[in-house]
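Shared chain: chain A. Partners: chain B in the first complex, chain C in the second.
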Partner chain A sequence: MVTSIEGRVASTINSVATENSLIVDRLSVAFNSGAGDVYAVNDVSLRVTPGKTLGIVGESGSGKSVTVRAVMGLLGHSATVSGSARLNGEELIGMPEDQLRRRRGIKLAMVFQDPMSSLNPTMRIGSQVAEAVRHHRNVGRKESWSDAVELLRSVRVPDPERRARDYPHQLSGGMRQRVMIAMALSARPSVLFADEPTTALDVTTQAQILTLLDDLKQRYGMGVVLITHDLGIAARHTDDLAVMYAGRVVESAPTKKLIGAIRMPYTQALMDAIPRIDAPSHSPLATIEGSPPDPSKRISGCAFAARCPHVGDRCVTTPLLAEGEPGHRWACWYPLGVDT
Partner chain B sequence: MILGTVTRRLLHAIPVLLGVSVLTFVLLNLLPGNAALAILGPGATPKQIQIVDRQDGLTQPLWDRYWHWLTQALQGNLGNSLLSHESVAGLIGHAVPVTLEVILVAQVVALIFAVIFALFAVVIRNPWLDRVLSLVSFGGISAPPFLFGILLILIVSVDLNWLPATGWVPLTQSLAGNLRTVILPAATLGVGEFALHMRILRGDMLEQMREDYVITARAKGLPRWRIVFVHVLRNSLFVLITIVGVNIGKLISGAVIVEVLFALPGVGNLLINSITQRDVTVVQGIVVFVAVAFVVINLGVDLLYSALDPRIRRATNDG
Partner chain C sequence: MSAVAQRLEASVPLLELRGVSKEFHVPGHRTPLSAISDVSFSVHDGETLGLVGESGCGKSTTARVIIQAPKPTRGQVLLRGVDLASLRGPALRRARRQVQMVFQDPYSSLDPRWKVRDLVAEPIRVNHIGTRDEQLKRVEELLHLVGLNPKQYGDRRPRNLSGGQAQRVGIARALALSPSLVICDEAVSSLDVSIRAQILNLLEDLHRELGLTYLFIAHDLTVVKHVSDWVGVMYLGRLSEYGRSDVIYRSPAHPYTSSLLAAVSEVPGADRSEVGEIPSSFSPPSGCRYRTRCPYAQARCAEEVPELREIAENHRVACHFPLIAH
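This part shows the complex of A and B:
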């Protein structure tokens, strides 16, 4: 359904109304550690539009989570954030904590990877959802509790009246993640960040949670950012994709366009790493040789060069993310399927 | 079931209590001097001492005496004092309210202050407050309690003459008088408790602040004070309760010192006097009584723990 409008979105990307969209522009994050600065995120630019899902894909340590946590203002004092993130035209980076706090949970909400550790183990789940409701709207305990039950119902927790009185350890992983989503939805946020929401869940539950997120996005018209390391999930559940490597976006495009014509060798390597059901049995799983570069060192040249099967002479200078085709950007000197 | 837990724990306590009573009996027997000497005075002849000893039953073999004591104790009779011939249970019964009040006031006030200061330190995150608090807690933990007691007596009682340095007014007699006599002993006993609890609670809360559920709470947009008061404190209480339980022994032995220092008619003072006078039945009674109290309080702490933690509550209900 996206195909028909994708060209239009791509070509008019700068003129789309900014209402309720999140525009991240050249965001960088450095962590101040005793042993020197760690450059976790470099010059990342993203756009999240209402009713659409942006997938951020990459290996562990590629800076996906740090990027969204920087936008939420959830990084500690050791982080230095520069660049810009504007929600509805309002700059979030550098906003005083007290003001940013009032936007968290209301304009920007987040669902985390491990729903067990992300819920308070000593509070009933109903109370934890109701707390979010009460924080956003000035309502009494009784009303916030019944709102919490309704929220649990909306994320398809069965028998929500009874379940609300349970503690997190009494629920399954999938139910816990539904509770997290209910909590995040309590104020109908403009943007929902889902940070690897299904990594800790089994495959059937994964599919249910992702479908739920798709439905809720449609129903509430919110922008969703789905962080995942699984390009397969991203291909099925996102409208736009940004592939991150070593703190940078290395390829971005509308999902269908990107999957149809992968340009960046790293993206291709992620694609090849997905186990295929039609592969001959007992064939070895594809892996990406080597490991991501040490983020405490400034890299000169392409960060992926050391692991890249298509590395060439020009890779010693850093390739910039540039639009190679309408709506499709990549940061590579030797893009796949393109004559250079 | 809770009842099962209680029974199991009480059964475990039996060998402990037996061991304590045997050990006290043997150790007291090894002490030089005896009650007869205390009664008769330094001029007593060996003959006179032997007569008194025989009256007290001290000439019988150690094992026979222990067996006699044990069978009597199991029937609730802890025997009589060798000196005053009052019943040991009666003597302890008179002294317990004093000790209990001092310990309770010290513990409760120390806990209240520890929670307040720890919350304050974690919520406002001021480096100067942290430095002052860590200095105070370091001093409070490392200094022996009597040092603080002597300082209090010197300043509050001797110099300022605000509160009495010694003596005890029972609660049944006068509330104000009772408060005046309990403040200094409880403060002496409580300062170390406060320091320890504050330090541990603050450390655990700071650790809890790095937990995922705190990030969730922050992502909800909750203010820091609410995260600390509602989410973190509740999860840190378990550590606090554990420390309270572990520390009860120290509290009881601290009470002995404080009672001697402030001349309070409590169990500690009774114990010290009985030891110096070789009043072995009283010493024996007190030691066993304290051991039982220790077991019971620890059991109570454990039950409190499972009442507060829904994860344990479920485990005990299932098992």
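This part shows the complex of A and C:
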């Protein structure tokens, strides 16, 4: 709560400058497990701008999903969240559950990897979308149904009047994911989180869903956060990128800039591990040796040092994420292509 | 083995499918579901055939009818020239041992209560191979082969393994009976990019070291390109294109293959037009099954089923109007 006049003024200025932006500042998450604390997210700062897609890229366990769940307030009581996440200048971390639940519906929405497990198998999809509409707007059944049909049309479900009467099992994986996106859009959210939304889908459907998200963010001016382990997908479908490793952002920049000049060896390793369609058959893939560090142990120094081909003397000290070039930040003592 | 017998062995494919179809009767449906229709291909020793297509195209059903679980409705599956349907009892068991599978989700295919050591030993024990000491030695050997230190991982249970480690255990199990053919059914699809690269490299190493032959099933064309000598593209239960991997990726002849390649293309703005949904396998379109999504479809495509015909050496396509004529 901001009480001082200066505080209020600062807050107003802040909110004008950041309308509908989501600004995550030094967010940390620790889980209290029986065997001690697990540090899942450390000092993560991100910015989601309306009409743009931020990609968060990293391996399983890098903290990318925990970060967005912390922002959404979806972590249980075993999680200790510190730092800040402001939407439209309003602080979300520490907000009481009932208020947060309202924000979650209206301002923040989320689409998960497996649409089948998020849909009710016994309800027609039109009814499920209509229910989401009624949750946010005070309208009757008839109106919410026609809104649902329009939402299904906007996510390009073909013949939405008829398909609205289908049950989830009658739809393909790609169509179910479209239904999930329609439900997420029902409240016109400021930010849509998509957590590996295409990992369970076929390549053709993947491309369609990602293109749909591209179109929707522009049409509705909403910010999209795309969480993926595939740097190739992120490179094609995001405007900004943040690469996470062991709970920290290790490189971030506008996507074009980052892909054009990768500085952090971990990002490069992620890139090299992607099979290339133009590579000859049976050519070996570059791999990242070893595995990510155990999050229950505090690491001194760079967390990637043990697996890094460019490790040097300075890596025993933790490198901070710092702007090395305008708009391009990395956390590395020996960045690629830069004389140090 | 005489020189003649050796040459004969080399010319007989390790695996051959001849006009294989599988239909399922589903409660509530009058017509049977045609999962695969008239699929024919062969795989030679030491080569990898990649089978690609979207979900529901019949690639996993193809894998299952090869191991005769279930048996095909029509057609023949031949292992080294012997029809598997003609085998009974011990002969069938011996033949089945030659073909092993690696599945998509390593956790659900491993019993969570068992230790890694016992999971890998199970196929050997079930088949009563060797003494107990020999079995233990073989398990250690297999774990080393897939890059797991037996001392470190032998006594772990699946929940204490990462996805990549669990898949290594799945591969060790598949290798336990020294098969000739390993069917990888979406074996790397649920793995992270970095882990996927490790497992793909492992499969390639095993291919070289043990002379393994793979049938590699995946929806990701890039991954398939990486491991395959031959590629078969399936659509709605039929093989739509088949040939040498380099030929297919360089010059796809079937519009479906071309659209799949466009979907993974690095080129921004490549043709990613919305091509609609796969029709139902209960009532596939008449003629060419792809015609409802094909931008080049003409009247003939609705009337006549295109045969899989050779348009060039090592390149067959089932299309009336192939994109290239060579």
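Heads up, the rule we're going with is that the second predicted complex is superposed on the first by the 324 of 340 C-alpha atoms of A that agree within 3 Å, B and C clash if a C-alpha of one lies under 4 Å from a C-alpha of the other, contacts with A are read in each partner's own complex, and residues count from 1 in each chain.
Please note the rule applied: a residue touches a chain if its C-beta (ideal position, glycine included) is under 8 Å from a C-beta of that chain, and two chains touch if they have at least 3 such contacts.
All values derive from a computational prediction rather than experimental measurement.
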Which superposed partner A:Thr122 touches (first chain B, second chain C, both, neither): first
Comparing the two partners chain B and chain C, which touches a greater set of residues in chain A: C
Which of chain B and chain C A:Cys315 touches, first, second, both or neither: neither
Touched partner set for A:Arg102, first chain B, second chain C, both or neither: first
Which of chain B and chain C A:His229 touches, first, second, both or neither: second
Which superposed partner A:Ala207 touches (first chain B, second chain C, both, neither): second
Partner chain(s) touched by A:Leu74 [first = chain B, second = chain C, both, neither]: first
Partner chain(s) touched by A:Ala164 [first = chain B, second = chain C, both, neither]: neither
First, second, both or neither for A:Ser172, with chain B first and chain C second: second
Complex contact set, residues of chain A against chain C: 59-60, 156, 158, 172-175, 199, 202-208, 211, 229-232, 236, 269-270, 273-288, 291
Chain B-facing residues of chain A, complex: 72, 74, 101-106, 109-110, 112, 114, 117-123, 131-132, 135-136, 167, 169-170, 180, 183-184
Chain A contact footprint on chain B (complex, rising order): 211-213, 215-223, 230-231, 234-235, 308-311, 314
Chain C - residues contacting chain A, complex: 54-56, 162-164, 190, 192-198, 200-201, 204, 219-223, 225-229, 245-246, 249, 259-261, 263-266, 268, 272, 274-278
